[in-house]
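A, B and C are the chain letters, set down in written order, and residue numbers restart from 1 in every chain.
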Amino acid sequence: MTFLEIVSILARGAGFTILVTLACILTGFFSGLLAALLFRLDIRPLNWLLHAFTYTFRGIPLLVILFLVFFGLPSIGLPIPPLVAMMLSLGLICGAYLSEVFRGALEAVDPNELMAAQSMGMRRIQILTAIEIPQMLRFSAPGMLNEFTTVLKYSPFAYTVGVPEILKEATSLALTTLRGMEIYLAVGVLYFLIYKIMMEMFLWVERRYAIPGFKQI
Amino acid sequence: MTLLQVRGLTKKHDDVGVLNGVDFSLCKGEIKIVMGPSGCGKTTLLRCLNRLQEPSSGEIIFDGEEITAAAVDIQQVRQRIGFVFQNFALYRHLSALDNVKLGLRKLRGLSDAEATQRAIYELSRVEMQDHQDKYPAHLSGGQQQRVAIARALVMDPAVLFFDEPTSALDPLMAREVANLLNRLHDEKVTILCVTHDVTLAKNLPGDVLFLNHGRVEAEAPISELMKNHANENVRAFFEQKAPSE
Amino acid sequence: MSEAFAFLNDIVDYGPQILSGLINTLILAGTISVTGLLAGILIFRLTLSDNEIIRKSTARYISFFIGTPLIVLLFLMYYGLPQWGINFSPFTIAVIGFTLNIAAYNSRYLSAAYNGIDQHQLMAASAQGFSSRQIFTLIILPQTLRRAIPGLTNQVALNIKDSSIAFLIQYVDFFAQMQEQASLNFQYLKVYAVTGAVYLLLVSLVIFASKRLETRYAIPH
């Protein structure tokens, strides 16, 4: 079996790796955005809950949350499919980190511009969607790339709950061929490739929406 | 005809009076200048007039409507009051054109084509049509100012508020602003302009409202205020501003 | 009530194993935090090298380790090395793998901190006649380390959490013992909740210490 053959077998798992990564990134993006926006409402008990959310999801290892969700919830009658378990663990962890990124970026929006929008007669929600969120997302780009990369790097743990992604294919292949060295080297190369492609795509989008001279002040 | 009538307007910050009973009126087509020492409450006055800050008491009658009442749809009122900020406050993620279009699209619900057409017309009124695709970061202070004016004008406001329109500009640009305000005045735009700038005030046709400690202490053409005025605060203010005259 | 008691009883019965697991977790997290910091400083030093080839390969190293999952590296050593007759213990493999990985992240924190320091001081130091080695140890390192405290201590918190993946290469840490416990009493939800709470406590201690360090070593300006 040549190195290329190994890579092609592993590549079958790449689809699932990408699926898991995307599902968790989307979960993280929307939960992080929601948390950051809810923080803005500045309601005491709600802030408490949001702090508790970010603190726990940033403080507990992925595998513990994943196992809690995947093995623990069925015991109280809530069976969770593997992909959903990943979204509820890795996705929400990403959301907890992103909510901090988004909160910081929202604070960086110039209050003078918000007052200008208010003085034009724009409503709260219009100001949010037309001024705050577009600026906030641009400020958040580096932080988002960081968190998305982290999601990709933790996606292999999906194999522990039975998702047939790259690492899963690799472990079965390693068991039958006993050529762990080449196999895991190929796995590393494959992940690095996906990482590079993902990063290029992200940077492309970032450039596409870049605004000349727009910086955090 | 009176467009804006203000009676007994007060604003307190933690029991400290910033505005202590301001009375004045502004007629359609009139230009009025608000002057006074730093901290006397000029910015606060402008912001109370469209309730960016809530007044503590008093009446503001705008176009026949008492706008301090809780039931008033203040967003609707604000759409008819153009506000040009001291630091321009252009939306930095939008091009000059999109800055001007935003209100038409989001508040007036105009189609993209209509909004673009109107916005370009308004930008050409302030001679900024050649810079419409630039972003705020790449515009000079004077250019940003003109975009901010176009952004306010495009909504067809009944009145235009300016807060220190020349303070962030060099003298040459400041002169341009005076010309522009005069042109708008000729076009019957109603203007309320806060300024420190005696040169600007001298170049504008309207009366000056002299504000001190949150009260109107004098209201007259600037030439009168500068000629050994009876009020000692007025004298002190202009003495310090233009000692040679 | 009796159910909760039985649960506690299980944990107490299994106490010694859980405790030894916890100690193993702390040993691993502690070791890799130290080696990761030292290796991170080394990598950071290499990014400042005058030699372009060294700088380029260092950048590749960092990019590679930031772009590939650590677990792959651990599996590579655990399942791959025996092929060549090399058999390391899970602990050794974990320390090597984590160190290589953490070093990449720590060097990034240090580089970011370095970019924030006033470059004139460095010029002043070379004008005074300090060698580049002296400048690094006397001026650059003390300042970047202080400025990087938030990032570096955040990395320690990550190390504690991430050390939990070492059970996948049969390192018997706290998490491994708790899984054993769960498979014995089938109380998955409770056992993993307790596990999470313990990690949260450990991470909180690190965050607390980090805040203390930050104020203690703040650079006045």
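The criterion applied here is as follows: a residue touches a chain if its C-beta (ideal position, glycine included) is under 8 Å from a C-beta of that chain, and two chains touch if they have at least 3 such contacts.
All values derive from a computational prediction rather than experimental measurement.
With every chain reduced to the mean of its CA atoms, the largest distance from chain C is reached by B.
Of all chains present, the one whose mean CA position sits nearest the global mean of protein CA atoms is A.
Judged by contacting C-beta pairs, the busier of the interfaces A-B and A-C is A-C.
Centroids built from CA atoms put chain C at 57 Å from chain B. Rounded to whole angstrom, the centroid-to-centroid distance between chain A and chain B, based on C-alpha atoms, equals 46 Å. Chain geometry summary: the mean Cα position of chain A and that of chain C are 21 Å apart.
Per the touch definition, chain A reaches chain B in the complex via residues 110, 112-113, 115-123, 126, 130-131, 134-135, 138, 211-215. Within the complex, the chain B residues that touch chain A are 50, 52, 74-79, 81, 83, 85, 87, 89-93, 102-103, 106-107, 134-138, 148, 151, 155.
Chain C meets chain A in the complex at residues 64, 66-73, 75-76, 78-84, 157, 161-162, 164-165, 168, 175, 179, 182, 186-190, 192-193, 195-196, 199-200, 203-204.
Note for the complex: chain A touches chain C at residues 55-56, 58-65, 67-68, 71-76, 149, 152-157, 160, 167, 170-171, 174, 178-185, 187-188, 191-192, 195-196, 199.
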